[in-house]
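Data first, discussion second: the structure below is written as structure tokens.
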Amino acid sequence: MFLLPKSICLAYGERSNSIQIRISDHPVQAPVRRIDLLIPLDKDAIAHVSDRLSKSTIIIGDREKFDTDREVVDVSFSNMAKEIGNIIFANTIAVGLLLGLTEGDIKEGKQFLKNYFTLKKKEEFIPDNIRALEKGFQEATRLVKEKHIDPDKFLHMKKSKEIKDDLLINGAEAIGFGAIAGGCNFISSYPMSPSTGVLVFLSQHAHEFDIISEQAEDEISAVNMAIGAWYAGARAMVTTSGGGLALMTEGISLAGMVESPMVIHLAQRPGPATGLPTRTEQGDLQLALYAGHGEFPRIILAPGQIEEAYEVTQKAFYLADKYQVPVFILTDQYTMDSYYNVKEFSVPEGKIDRFIIKTDADYQRYSLDTDNGITPRGIPNHGEGLVRADSDEHDENGLITEDMEVRIKMMEKRNSKLNDFKKEAFAPNLLGPKDYRVLCVGWGSTYHVIKEALDKLNIPDAALLHFKQVYPVPEESIKYLRKAKQIISIENNYNGQFAQLLEISTGISIETKILKYNGLPFYSDELAEEINHAISEKGGQK
Amino acid sequence: MFLLPKSICLAYGERSNSIQIRISDHPVQAPVRRIDLLIPLDKDAIAHVSDRLSKSTIIIGDREKFDTDREVVDVSFSNMAKEIGNIIFANTIAVGLLLGLTEGDIKEGKQFLKNYFTLKKKEEFIPDNIRALEKGFQEATRLVKEKHIDPDKFLHMKKSKEIKDDLLINGAEAIGFGAIAGGCNFISSYPMSPSTGVLVFLSQHAHEFDIISEQAEDEISAVNMAIGAWYAGARAMVTTSGGGLALMTEGISLAGMVESPMVIHLAQRPGPATGLPTRTEQGDLQLALYAGHGEFPRIILAPGQIEEAYEVTQKAFYLADKYQVPVFILTDQYTMDSYYNVKEFSVPEGKIDRFIIKTDADYQRYSLDTDNGITPRGIPNHGEGLVRADSDEHDENGLITEDMEVRIKMMEKRNSKLNDFKKEAFAPNLLGPKDYRVLCVGWGSTYHVIKEALDKLNIPDAALLHFKQVYPVPEESIKYLRKAKQIISIENNYNGQFAQLLEISTGISIETKILKYNGLPFYSDELAEEINHAISEKGGQK
Amino acid sequence: MTKIKQFEIEQVKTAWCPGCGNFMILKALQQALKELSLKPQQVVIVSGIGQAAKTPHYLNVNMFNGLHGRALPPATAIKACNPELTVIAEGGDGDMYGEGGNHFLHTIRRNPNITHLVHNNMVYGLTKGQASPTSEFGFKTPVQTDGVISEPVNPLALAISMGASFVARVFCGDTKKTADIIKKAIQHSGYALVDIFQPCVTFNKVNTFKWFKEHTYDLEDHDSHDRNQALKRAMEKEKLPLGIFYQNEDKNPFEQQLSVHENKKTPFIMRELNRQKLKELLKSKQS
Amino acid sequence: MTKIKQFEIEQVKTAWCPGCGNFMILKALQQALKELSLKPQQVVIVSGIGQAAKTPHYLNVNMFNGLHGRALPPATAIKACNPELTVIAEGGDGDMYGEGGNHFLHTIRRNPNITHLVHNNMVYGLTKGQASPTSEFGFKTPVQTDGVISEPVNPLALAISMGASFVARVFCGDTKKTADIIKKAIQHSGYALVDIFQPCVTFNKVNTFKWFKEHTYDLEDHDSHDRNQALKRAMEKEKLPLGIFYQNEDKNPFEQQLSVHENKKTPFIMRELNRQKLKELLKSKQS
């Protein structure tokens, strides 16, 4: 992967213990169903993916291990690994083998291993891993030489200047980078797959960027801490998954009431309850939309690309601070764990605008003397005023009230805060012909896979409308949806949650839905078929 | 109130410390804005309701206490109360006064006091309260005699056979009775206004009906206990308000995944966060709809009348047990605390059907061998089988799995469980002409107030469609909504949450909304005006 | 709003019942703050929900009146983000030991330099008289109709056994001593628990002013640095000792262990993103 | 599914790492259940989420595998609804002392007759190695990069100070003793905590088998009925004692105090609504 200088690759944890690597001579960022080369390292691996194997799939592995009718090119990973000293080296041997088959540069491979273990402060692992890599590489040479394998079946990797400066990162890191760029200096969270990567990333870099990173006793504490941190002047976030968000629901309502900014990263996994902790789904959009009792505004962003993960996270802090509302970043296990190379990220210039004022003695935290519902935030001990945040219905001073007139004004104040946001909302992204008949609609992590599926299909009048801001539904949506003859909503969930949201927001009904909810992301080849099928069924008509 | 034999009355806590009593010679069950007689007992009381006073409002009170231009018929409640021994007797004196003015039966009044304090085991309070009642009664006679007040301005109460056997109960008691009739034998909850009444009611009657009533350390414990209780064979419920429900969100998802029946009484109050704890709102419908990560089915009922509170609660236990899903009962502070007299409730006959089987040794809790998604429930140690409930995605035995095929089947099993429910769903209630042009739509606690407003308006082509089952949206809804030329949605919240739900469920858009969100229920007179206004604006057209 | 000169708000209208112990606690707290010569702007009171938790509405300080049971996490975070603030978490026994029990445990573990005031009236006041975690065995309420059947929490023993660095109990009837111990708790560097016996005249007819007078006595001849002895005294049941049970000045507070405050004292809002380092870190991810 | 004759499932495939201490705990638990001659149908294991909490998947009993941190409330309710069941709550240190800390406190207060097994590996295993509430001061992880800065929970001291009626600690390396103490915990009438030291070979490289061997010793000459002494022993730090620290047989379990079980022993599913009483109660509300 790291050795794919003339290509773009994508990898993600597909089983508890499997990884898909896609190598191409043009940028690819989506998984496919088809498997060209399978290196099964454990007994059940072939069975797990059996429905994805075709006649042309090459399998390389410890032949005696597998109870299969299929041809297996015999390579004794276990023996080789044990020779080096531990069965876990089978992984690195496999990487070496792959590198050999694709004629990659072994020197760079070695260098990567050195860097990797040095960074992890596990230098003692370097020599054995290098030996493993070499073994695998040599084994590839042997396979080719002994004609077990035709080397021309594989792409040969060459260096490319074009992507020399690209970053190779996964979604979790992109969110972490975005948070740092957005001025995040406080994270309180409770570990939960697949969201933990962000907590780990910010913890690792806490020293460099002056971040307080606290593992809370539970998610309730995490969200309440983060709101406290905003109150005291920090830019704070939490990262969690569905079950954790469920526990934060009351805290989100608190943020709504005290008009605290808040940034919540929600990495979705299949539910309900514990569900499939290491799999992917887009099943918690409605939870994010309605989490919290009572009525208050919020923003929900859902990056479709690694670049967007960086972009929207950074922006989330700005929006939260400016509009004093909770901002959600919705990702999923697929986004968190997928890597591909991207162009360098730009680092924001200029001072981070905090929208915080130095208070006067007569400061009122909830002054109604505002025309957009937003009262400038004060911070304790920054100025002469007192800052009173109150979870009860309150008056302008933040003191508990039962005055019905004040109640109405405060409800209207809070719920009007996003009126101005429209101007800086993220419009949906239209890809493909402007004069489409068929419009595929996606949000969040499905960006690349839908795009690639459409590219494959090459239907002249089909386009993709992708949303990285899912709520409030951007105003342009109506215009786009109206134009389509057939709308196909594509979601990684059971109920088509975003389609429902679009329907209430635009009044336009969406009849065709392609939904996947087995815990895996879409595959571009599989999705292309489904889109094709959906179009031919309806003839591209409503 | 208790002395209103020839009338129906309604009362509810309108301020922390005020009560509205409505007396009529025909059944009334809705509050009005207009105040005929005001008995302010504290200094601020007049100011609190000043916008509801008209020229004809009579005010009786300690004249010197109030800083008002209005005429106050002077009655020295405080002095009289202090004479008896404590300022708190002012309440009972006021009741005596009212009784006197309406020529009620003082004997029955005394009897009521005796019964009331005997039941509360506070017999020592009887004599003083009787003295207070008498004092008030005599004071009424004086006022009439001295011509301070014209007795003909008041309805005179006469006994009526018709309502002799009526019950006088509030919403909390009706839910409690419904729970008992539904076979509830376990309640675990954490106190929270306005939901606590149900916990108190069931605790008070725990001995008579063999109920385990446990005050949990928090709402999370409460919901998890209740799910455990169902697992062990009980019929369990929780009662809570918005903030508590927020905390139960994860537990609700657990019920969804383990396919546990669950009954959740949610008494709404204005949010967000702590909001207005003693006021009313219908602001948590969407929270109930989407609480819980992941996707699973649920039922949401919302009684509009005290009789319905009894009916749907009883049914909730049946539905939960039969369909193995969480069933919500949505009420609000207004419902909880309002009293009026209702016809006697019928007590269910026959054995309560538990839908539980005695297991064989090869019992599978999540057997897919079912055509409606519902696997019969077993209970530990009831039969030879083992009962395995699992919050992970699981196989038919309830054991954790990552098999994608099983995942798909289980998702489809769970989400198909309500297919059969349609047959026994609660249809919406149509009141008024069948050939309506204008259709007012309400749900939950607004039943009586909309009905009365429409009765007042007496528009020949306006009808009310009231939902006591709000989710799944009953199938008949489309038919009803289609027929209307103008749909007016009436809700005690800010966003018109039920209108949104109707829109996605039926595809019909609802343009006119009457919303109230100041913490108070609708008043029938005020609502009549608003409906009238809404109709004339649109001319009864879409 | 009145001028912020002192901690009293003029003409404050409380939601408390006449005669409630909360008035005394309010007074003691104002007294303590005044004696410490703190500026109101420097003080943040973080509270939950309940009658006790309304206290910060009635005095002139910064206030974060959050959720029922959840005062300690924001209090910890506020102190962590700005160690120059004097942070007090305040609430009732239900708030802090019931709904908020888990935060109680873990805040003790963290040992932030905050003061934790718990109005312990052995009942849920605001919600009208249900049992609280400190209600005595057998205490009858509309929900606990047969009386409480669980063993009451002993917050002092719990805190001491968990390693809390300052643990005290007072009775609000003695306003002077209450003020004095609150003052010491604020001065203590680290987490300081003050469990405050407070009669609820409306819903607790058992643990009245008289009862507290009769069932308490002042700790004397006690070495507040001896943890085992402190635990023993905390477990006394017949008569309940009042005073400082335990104190450990050697524990490093949470926020002082955070690297963010190691070299800089700048408040968070004044800090800027280190763009250079971000650029470098991004570069390190080049493939 | 295999026949339900014994507690072992044939050919079970666990998700645990080779060499993990959990295997020993599983074995000890099976052993204890067997020795008690319980029928699998009578036993319910309630667990949370984590590596430890997977245990009930690997033996033949009724299972309620609920939410992370939430095993104790359903366990309490299950026992309350059917006292004839043997109910065991099982999970990890994060599960039970972190996310579930509040239930830990309040379950001790209730004292239901359940057994509480906590696999204490001083780390979050399932989520790949973050600190747990029992991780030692200074323990480094990918999140606690500077090492843990909070004082670890001492579950034994906490439980004893809260009045738990049976408190023990074992090391799973000694399977026999582990089985023996689990057996005694199950036999104890009331809440019984067994904190089980369990090496996590993958994510805890500090508290290894060797470490536990070297840092523990068997409690001897200890009067497990002396609460103050039990507390003192529980607070020992240099070397950690193993065994039964405290036991109190005189506490009435929660479910035995419930009026529902006073006169009838009928299981809940067999009971019928008392229609007559309902009619009477309704009548009492006639206006």
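Labels for the chains are A, B, C and D, by order of writing; each one numbers its residues from 1.
Rule of thumb we're sticking to: a residue touches a chain if its C-beta (ideal position, glycine included) is under 8 Å from a C-beta of that chain, and two chains touch if they have at least 3 such contacts.
For clarity, every value in this text was computed on a predicted model and none was experimentally measured.
Asker: Taking mean CA positions as centres, which chain lies farthest from chain C?
Answerer: In terms of C-alpha centroids, the chain at the greatest distance from chain C is A.
Asker: Counting C-beta pairs in contact, does B-C beat B-D or the other way around?
Answerer: When B-D is set beside B-C, the one with more contacts is B-D.
Asker: Please report how many Å separate the Cα centroid of chain A from that of chain B, as a whole number.
Answerer: Centre separation, chain A to chain B: 42 Å.
Asker: Centroid of chain B to centroid of chain C, CA atoms only: how many Å?
Answerer: That gives a centre separation of 37 Å.
Asker: Where the CA atoms of chain B average out and where those of chain D average out, how many Å apart are those spots?
Answerer: 40
Asker: What's the distance between the Cα centroids of chain C and chain D, rounded to whole Å?
Answerer: 31
Asker: Give me the residue numbers in chain C that touch at least two other chains, ranges are fine.
Answerer: Chain C, residues with two or more chain partners: 49, 67, 98, 101-102, 105-106, 133, 258-259.
Asker: Residues of chain A that contact two or more other chains, please.
Answerer: 206-207, 217-218, 220, 243, 250, 254, 258, 273-274, 391-392
Asker: Can you check the complex and tell me which residues of chain C touch chain B?
Answerer: Those in contact with chain B are residues 49, 67-69, 98-99, 101, 124, 127-128, 130-131, 133, 142-145.
Asker: So in the complex, the part of chain D that touches chain B is made up of which residues?
Answerer: 1, 3-4, 15, 40-42, 44, 46, 49, 54, 56-57, 60-67, 70, 72-78, 80-82, 84-85, 102-103, 105-106, 258-260, 264, 267-269, 271-275, 277-279, 281-282, 285-287
Asker: What part of chain A is in contact with chain C in the complex they form?
Answerer: 2, 4-5, 163-169, 173, 177, 180-181, 183, 185-186, 188, 205-212, 214, 216-218, 220-222, 224-229, 231-236, 250-251, 254, 258, 341, 344-345, 347-349, 351-352, 354, 356, 361-362, 364, 379-392, 397-400
Asker: In their complex, what parts of chain B are in touch with chain A?
Answerer: Contacts found on chain B: 15-16, 220, 241-243, 245-247, 249-250, 253-254, 256-258, 270-279, 281, 283-284, 286-287, 289-296, 391-393, 402, 404-405, 407-408, 411, 414-415, 493-495, 500, 503-504, 507, 509, 517-520.
Asker: What residues of chain C sit close enough to touch chain D in their complex?
Answerer: Residues in contact with chain D: 98, 100-102, 105-106, 108-111, 133, 146, 149-154, 157-158, 160-163, 227-228, 231-232, 235, 251, 254, 257-259.
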